[in-house]
Amino acid sequence: MSEWLSTLRTNSPEEGYELAVKLSRMAVKLTQPDADARDRMRPEYAENAESLIAVSQVIATHFATVSAANDYWRDTD
Amino acid sequence: MSEWLSTLRTNSPEEGYELAVKLSRMAVKLTQPDADARDRMRPEYAENAESLIAVSQVIATHFATVSAANDYWRDTD
Amino acid sequence: MSEWLSTLRTNSPEEGYELAVKLSRMAVKLTQPDADARDRMRPEYAENAESLIAVSQVIATHFATVSAANDYWRDTD
Amino acid sequence: MSEWLSTLRTNSPEEGYELAVKLSRMAVKLTQPDADARDRMRPEYAENAESLIAVSQVIATHFATVSAANDYWRDTD
Amino acid sequence: MSEWLSTLRTNSPEEGYELAVKLSRMAVKLTQPDADARDRMRPEYAENAESLIAVSQVIATHFATVSAANDYWRDTD
Amino acid sequence: MSEWLSTLRTNSPEEGYELAVKLSRMAVKLTQPDADARDRMRPEYAENAESLIAVSQVIATHFATVSAANDYWRDTD
């Protein structure tokens, strides 16, 4: 796996949110490196409300980190 | 998807709470982009106490971030 | 819904805790606006230990935010 | 309910931990005010590993808040 | 129970992690004081992946607190 | 177990993320020291979407701690 996370800085809150999504997905890749296994599980969570909410929780936790890293993008307001 | 998150600053805690709700919903949209699939799941969580509590947890996490970003709206007190 | 959250400041930790409870309940109202549906679910979580613990977790997260917003009520000690 | 939370300051980390336990229990009391109902649920969670872990999570969240409120008891080290 | 938590300061991140484990276990002891009951539950969670992950989450939350209390052991780097 | 965590400092966010993964796994090792038992559980969570999401949540919590410990790698930007 080549370099995928060189910085936590982003240009905007929206890009920060996208980074939080990326950070949440990378944990799954590192824990289950088999792409086929991940593909088999996709319907299991993408069609399941509880799983989607749980994914949202992970993203929210990462978004808190990314937001702090960017000082909440105060300079760009 | 056009720009949906230009700033974490809001005029009041109440608007900050609304932004936290929006941030929690966007994660679901990005993980399950199919609007029909999301609609099918809606009764699954809106009528289910455990799911509603889990959604509340995601909102609480985002509200912490938005509150910090606004320095807890201390200036407006 | 009229204004329900004008400030995160409270006079004491105890009022801060009550605000955290209010913040946790508002998420449910915004996600399930139908009061009858919420009433039907009430026994589902008020009589269920796991649901009560999950509600406690949401309140704990909001209490962290409210406590920080009040600088932990250090001035009033 | 008389005043139960006058301050987040404690004399030691151990007392801070006890306060975190108290904060976690109060959420259950406020959500389910009926003492008999709470008593009926007690075996449901005190004999259940998953529930005990979930309670531990709530306590951990409150302990983070209480620890910050006491500046991690650095003065008493 | 004699004094078990006199300080959050540790000499290293590794000792801080051990303290986080101790903090997570103490919550279970305080909620279920009966040692026999706890022993009966041990296989229920030590052989169960979901329970082990939930325990890990509690430890992670306490490790965040202990790390902040030690200013992330920056002085010892 | 020899020393496994001498510092929370890493050279980059990516190494910080790897440390967060390591921190999440160590909790499982300390709670279930039997390597065979852990191996038996591996398919239980690596093939299960909900478990993978729960693992991601633990990693996210540790990544928040590691990121703060490194001041969000601002010096290296």
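Labels for the chains are A, B, C, D, E and F, by order of writing; each one numbers its residues from 1.
Operating definition for what follows: a residue touches a chain if its C-beta (ideal position, glycine included) is under 8 Å from a C-beta of that chain, and two chains touch if they have at least 3 such contacts.
Just so it is clear, the structure is predicted and the values come from calculations on it, not from any experiment.
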item	value
Gap in Å, rounded to a whole number, between the CA centres of subunit E and subunit A	27
Subunit C and subunit F, separation of their C-alpha mean positions in angstrom	31
Of all residues in subunit F, the ones touching two or more other chains	45, 48, 50, 54-55, 57, 61, 64, 68
Graph class of chain-chain contacts, one of line, ring, star, complete, other	ring
Order in which chains appear around the ring, subunit A first, subunit B after it	A, B, C, D, E, F
Subunit F contact footprint on subunit E (complex, rising order)	12-14, 17, 21, 45-50, 52-57, 59-61, 63-64, 67-68, 72-74, 76-77
Residue numbers on subunit D that touch subunit C, as the complex places them	3-9, 23-24, 26-28, 30-32, 37, 40-41, 44-45, 48, 50-51, 54-55, 57-58, 61-62, 64-65, 68-69
